[in-house]
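Note that the chains are named A, B, C and D in the order they appear, and that numbering of residues resets to 1 at the start of each chain.
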């Protein structure tokens, strides 16, 4: 094959996020330097280079869209990039901050600010793919650095890689992690959560909380019914579904259903100080 | 001064800081008329979205405020929660939380020195660029960073948004073999950490003494990490519960990050403040090496922050080694606390300075209220004050580019973590 | 130890674009010994490997008697096939094979043949047609029926015209939809069957294409009392090993990679026509 | 047949030591993370002494038993599948040289002679199916073969069945019948050892122990008989291939579409499931690749993906594939059912779907329709 290709150009863009997914690059250690030798990093504010309008082969996008200006910026990124890859729960599903989508966020703001008047927030925190076409979505809060690197490598040889979207369970089994749900009765989200993290929660003997988003064809209703049969309250089930990836279906639909069956949230009781 | 300049300088996107911010300066008649550090990260409303959540959800959520210091957020939250439950974790848990926290200092400080700050001093625009000329130094830095990540991973499964912390302890105790391997790695890199201090001290550090108040924790004679009382070098010494009586947060219209004042004055938190207030708590051997660099603490020069970070990297590595000596796997990684309703506080030394949390829980452990004051917003007012002073001293007749660069360097001394600074603030400012 | 999973290096010695998304590659093992020992029958397939991507099963379309020629005709449908399409003469890739059970070209000798293809350029049937035409004397009448989605899909028009020139060969073409210049028929492939002059007991049916089309043909041929064991088709399933080990190509009790890909109707009858088997 | 010998309980360590000095790494059952798993065994007190398992659909709990026995539990989280058909391994590597040429390298497995203590009858039956699949076809699998050939197997006849066990229904247990080097029957006071191979006999001889008494042998037999009697789950009368294949449109499958999570746990814990996926890993510069195979499941949509479609696109299709293959079409492929009655798929299904229950419904009265 033709090896004399010019160096691929890469950009890393940030929207509303905690910066944790960009760390997939910054935490690569010495491999970061090899990556910098293999590609031209044209825009990556946190790492140094700034050229927001650069034409690139691969644009990695972190964060959700929360303002109309961000939406505009995003459209320009799409025009300038051959592949747009979202990295992480914020970019792929709106992130934990999208919990405000389910509330009147004006009310939330008013609860915090003296003058919420000058806020220019869109009513929703949106996943990137709601605004522009995305070529590949990498889930996780944060993304798994190895997965990002693997995808980058594949794209560099011209291969649109296949992202494993099956449940965490298979990874548990491959790593010989004893199932925490069966052996300890923990309400593990693993069976409906996309693999990619390395099953780190069950490996630590805790139940998965679905930070990698829904698995392909996740049977959320079967799992949540099972939780309910084992004593979990509707409110708890709803919170489990409406968490890091609250905007992702089928978590969203099912979560709202459970929420509607739940007793209302406890409200601030002035008695406690 | 012959050149009484008038004009504006903008840095539309600050490079090599965590999160998105900009700097606007308006100069009139050779003086800085207005200086705004604008932060346009959209607010993520964390304090609201925590309401109604279980304690574990709180611990897992607050990590998401900042990808670079999630451990600080988790350990501060768990401390606040356990204080409500009137629960004291086992000595093993206390020690290992400190070790995990040390991991975050190592990771965050190494990242800051090598990927963000040092290129300034040597005239590069990024670490990979700097690596062309200083390959050994950059590689050493990245190795140290990975040691920090390894420590966090040992207790949390991954280094960003780790999953190991819970009320009562950890979900899982690493076994002795894992700790032994980790110790070996830390041990093997101790010399590199010492060399780093020496190297950072030799960088061309500008002279720029200013007067400011250093605020940090003080932790029973130990160098403060995951707890203690809030103190300042101006005589403040309060329990963390009393924070709100002395500190005030205020909103400024041009930024999504709150500013904070101590007795109506700007103040400094972070490594330099920590070391200024706790120099004597550092191991004697380490103090000798610091003396050898010729730099004296307490220091009034913000550019010494980077040296302070290098010192803290070494400290954190030796501390992790000290705390894991004779490591044995405990009989239980956690003790289930008994839930109680109430209000509680947590305050720890995040890599960038004190991080303060307050929660109110109901008797089922659900959060009714949350309030979080991150270090970067505490440094906001101080940063603007510093910028005004140091740019004026630098010379406002310098070229725009030089002023811009100097401004960014000054800002980077604070290692501002903008994404976390804004988690509860409004959005208004504009990208140019 | 001999590792049957491991490909061997092969070189592209010729490439040819058939249409915008269909191309042919002629390959040769770079190890002359491996190349000289390579033998196959029509309907068998190879695993083609592009480093860092994946291996894909691709039928062999050359004539088994043209020793030392390994031809593939490939449609660019996804990542690996598209990258195969970018290979140039001299480029190297991984190759292993041949695998599977091919067409019953020996069993079918002395019978009439009905060869039905759906979709265009269905590689397994092209190799079969070329094979039997070259050995036409061994077979009775040969009916070649090809159906496509749209008339403009037809490629290799010359090839059809060429085939039509053979004695005892009939070529029937049909499209689901066609433009005004389309000289042939519109509609399903089964429409021709009434006109076929075949003796059910002396006929072998071989087909390849979408499963829906194959179902219709099977149904029709059964009505005409062609025995199930003389109705053959080439099946497609996901394959990662091609050795009967990875389990991905299962179809009922069959491993398509080693028991097939060519099966007769009787072998698959219990599973035939059920969604998701 | 070799005579049965008796190893007093307090001398069990000498068996471990004997195996070690015969050059074997020793692996045995132990408690980890609330389950019994196989791991390196140095000392007898690592064994799950006085521990028993309580199993039910979707439920596994360890408890203290009344006895001080080491093998008073039925099945652990996995059979010995991970030691022969490993969960993830590199099949081969390739390298692209600067001139564009490609080379392929074998990745050799490093195995050491390994003795596994505590292999159950069902595990052995499963192993023999895997031997057939991986070693006896036209293309023997070199990685599997090498691992397999390094094993020395010490079976334990079951004296207790979990509520999910049904090896009597498949005919594979509770007594181990073949495929092992040594077998143990555990009594309160120690173990009856019997050798099945010459190298097994060597170990016994080295131990220098006495013959077991007739009474001990009878007690062991009774114990094994007891385990058989404890089993409650049954299977429809076989062969099941025809019954299941003709149940292809049974409405019951649709109910499984609603209940099954499609998580693949049942296939991962099944000691006979062998499905794999092969994936490529590539170096940053694109010059080196590793071709890796890992455990995979027919419950994953990818498993039946061909370009543009997923053949078994619904969960019901995939559940049907699993059950029909395991209990039905396996017969044609391997000459026997793919189920050895260990019950793991019932226990480790997070939502407790029970294959014996499903089979009972699916096979009822459908054959002669």
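Heads up, the rule we're going with is that contacts are C-beta pairs under 8 Å (C-beta built on N, C-alpha and C of every residue); 3 or more make two chains touch, one makes a residue touch a chain.
Here the structure is a predicted model, which means the values were calculated and not measured.
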Legend entry - Chain at the geometric heart of the assembly (C-alpha centres): A
Inset, instruction - Could you put a whole-Å number on the gap between the CA centroids of subunit B and subunit D? - result: 51
Legend entry - CA centroid of subunit A to CA centroid of subunit B, Å: 25
Legend entry - Where subunit A and subunit C are represented by their mean Cα positions, the distance between them in whole Å: 43
Legend entry - Separation of mean Cα positions, subunit C and subunit B [Å, integer]: 65
Legend entry - Junction residues of subunit B, two or more chains touched: none
Inset, instruction - Hunt down the residues of subunit C that sit against at least two other chains at once, touch-wise. - result: 51-53, 91-92
Inset, instruction - Scan subunit A for residues touching two or more other chains and write them down. - result: 1, 153-154, 157, 162, 205
Inset, instruction - Identify every two-chain combination in which the chains touch. - result: A-B, A-C, A-D, C-D
Legend entry - Complex contacts: residues of subunit A adjacent to subunit B: 14, 16-24, 26-27, 29-30, 32-33, 36-37, 41, 45-50, 52, 66-67, 69-70, 73, 95-97, 99-100, 103, 105, 108-109, 111-116, 118-121, 125, 141-142, 144, 197-198, 200-201, 203-206, 209, 211, 236, 239, 243-244, 265-269, 272-273
Inset, instruction - Would you tell me which residues of subunit D are touching subunit A in their complex? - result: 32-35, 37, 58-62, 77-78, 82, 87-88, 100, 258-265, 268-269, 281-286, 294-297, 300-302, 315, 347-351
Inset, instruction - Spell out the residues on subunit D that touch subunit C in their complex, using ranges where they run on. - result: 91-92, 94, 96, 100-104, 106, 133-134, 137-142, 145-146, 241, 245-246, 248-249, 274-280, 282, 286, 289, 291, 293, 296, 298, 302-308, 311-314, 316-318, 320-321, 325, 328-333
Inset, instruction - Would you pull the subunit A residues touching subunit C in the complex into a rising list? - result: 1-2, 153-154, 157-162
Legend entry - Of subunit C, residues touching subunit A in the complex: 50-53, 79-80, 83, 86-88, 91-92
